[in-house]
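Letters A, B, C and D name the chains as they come in the text, with residue numbers starting at 1 for each one.
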């Protein structure tokens, strides 16, 4: 059983994140899903299909790390396993955000199959936990979109077990997954990714 | 005669929709018109020429499904028949929104006469009621603009009676029409369309 | 002498317009100036160099139609004569707004010397007072920028006395002038112009 | 020792600036740093790594003009010397803002090494203190990014001692530094720079 106060705090952090992310236009039209860890075995996660700018605690439920609902009749996001796999492989991860911006969508569709987006020479790379200089390369894989979420979850498990320093990934035509130790870290990662996506697209606009 | 409480509720949903849509820049300069069904024979609809970010219930009137004002001296939008024809052919439609964004305007002007915009491979296609996968094609016809609204209303009647699954259309240089079972569904459709329009334009900007 | 209540009302309409226009990004960095007619001989106008998003009534003064300060030691905008000439030639004009957006600046710099911007086939042309259809051509002259405001004022007088139906003009690298019977009409014109400017630029981005 | 009331006032001006700059998207993901002069020997400056849209006075500390913390255990920004060198060479400077927008980042990455960005023919050049006409050239150097801040500080000292009229500079892939007599002047300079950056990029988008 999970601690109810931890649930309440996690749910509030998800509600607040939703308002921020929706207002930026990064979670439109009931897209996106968010989660926060309660303990070693449980995470709070958004109920499927809710308006992300109008979340209340009633739109946040609890699942175990196999993605099964705990003490709830609600249905969590179809993509729940993409969250829980990250909590399984990274014991320090406290929050996972999946967002669905125009820029993530467009960039991921422009990428070649099996490729990654590389970011280099941006001071803002330092916004990612553990990065101390703009001189490295930040690499973000782009996975093909699918409605077979368990298969995609296993793909991401293999990828990030081998590359634990990469802080996020894209699904083609579908959006961004990123994570962090706290919800504040995770939100900073979303902001940094959206900044980098916009820089890349703006550069392509003026140098097509 | 229509139920007054239903009118008051519908008017409020229209006022709230207007504030949202105007704030996004999708209903500038007194453009756009919105409606919500009251019953089998009546819809609430915006009075012609009002500022869509500053609507009050006094800016929402009632018309019958032939577009005639009911218990009102106000003049409804010149495009009232484009709303009522949708309520006639779709008994389950509860709300219709016509918006007028830059992106809808530009995309509709770029389309060839008689053509449709096709969207494929976007996860957000699932935001439209009844769509379960990103793998289908979402097709949106573009009608020529005209000041002869009864003729355009008949064109749309023929088109959508034959293709009831298509959730909206564009008028060239003029904007978007979309509908839904509830106002919330309809607003989600507007958001999803604007997302898809922006994705298409952004892709064209970087791959002109 | 002017009516003080009319001044107070006009000043408030200018303060409110400033907040709206600054929030949209159309009056950055103390640029822009706004005015509203008090009577046949007097207009309220912004004091030079003030932050347009933080105006109070103390930032609005009165000038006569020759641009001379009335009952005030403040200095009105260097461009005051561009306002007063419009009140002289159009007795029905009640408000004049000069805004300074990125889009107006860029479009005006791209235009050839002595040319005009033409807008055609946009439904939103109907947002301008007196326009009933999208089928006409809306034509907007682009004047060269100068620090010799009296000379520019005479240029605009000649132009608009000959073409009283054109609702605005651009100064190259400097922004938009538009006017209307009321402040609400004038704000609607600014919105409509910005919409059309954005449509033109977006079209040029995707079809460079 | 510094005057505590001056510190409190300066800290509030920094907190307010942060809210404004973050809301515009010019200081995302804990990037940026801001300072305000207290007296000949002291400046208030943001503590390293804080969220710029959520600053409180506790996120603002005092350093001397060598960048050493005064009466504080906090760590100021790694870029503190880029601020203090400006206060050393310009006795009239009262505030320095470093921002980190997409547009500054992209433009600075597109510039050739050792080059400057020149702005000409923009009326908004007059937003910079001391500029009376749009006819001059506003020139902004672009320095290479480095994690060796003392070296970059000396580069900027040499550059601006020789060219005291230039109101700002870019660091490649890293953002803008600008300054002013007061915080209000400095914020106006940020707004004017962002306007000019957007104009240049928009022009490049439509004429790539």
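Keep this in mind: a contact is a pair of C-beta atoms (placed from the backbone, for glycine too) under 8 Å apart; a residue touches a chain by one contact, two chains touch by 3 or more.
None of the values given here were measured: they were computed from a predicted structure.
Engineer: In contact with subunit C and with subunit D at once: which chains are those? Just list them.
Structural biologist: none
Engineer: Taking each chain's centre as the mean of its C-alpha atoms, which one ends up farthest from the centre of subunit D?
Structural biologist: B
Engineer: Let me have the rounded angstrom distance from the C-alpha centre of subunit A over to the C-alpha centre of subunit B, please.
Structural biologist: A distance of 32 Å separates the two centres.
Engineer: Once you find the CA centre of subunit B and the CA centre of subunit D, what distance in Å lies between them?
Structural biologist: 46
Engineer: Using the touch definition from the top, which residues of subunit C touch two or more other chains?
Structural biologist: Residues 205, 208 of subunit C each touch two or more of the other chains.
Engineer: Using the contact definition from the top, classify how the chains connect: line, ring, star, complete or other.
Structural biologist: ring
Engineer: Hey, which residues of subunit C end up touching subunit D in the complex?
Structural biologist: On the subunit C side, the touching residues are 28-31, 51, 100, 102-103, 105-106, 109-110, 145, 147, 171-175, 201, 204-205, 208.
Engineer: Which positions of subunit A touch subunit D when the two form their complex?
Structural biologist: So the residues of subunit A touching subunit D come out as 121-124, 127, 132-135, 184, 188-189, 191-192, 194-195, 198-199, 202-203, 205-208.
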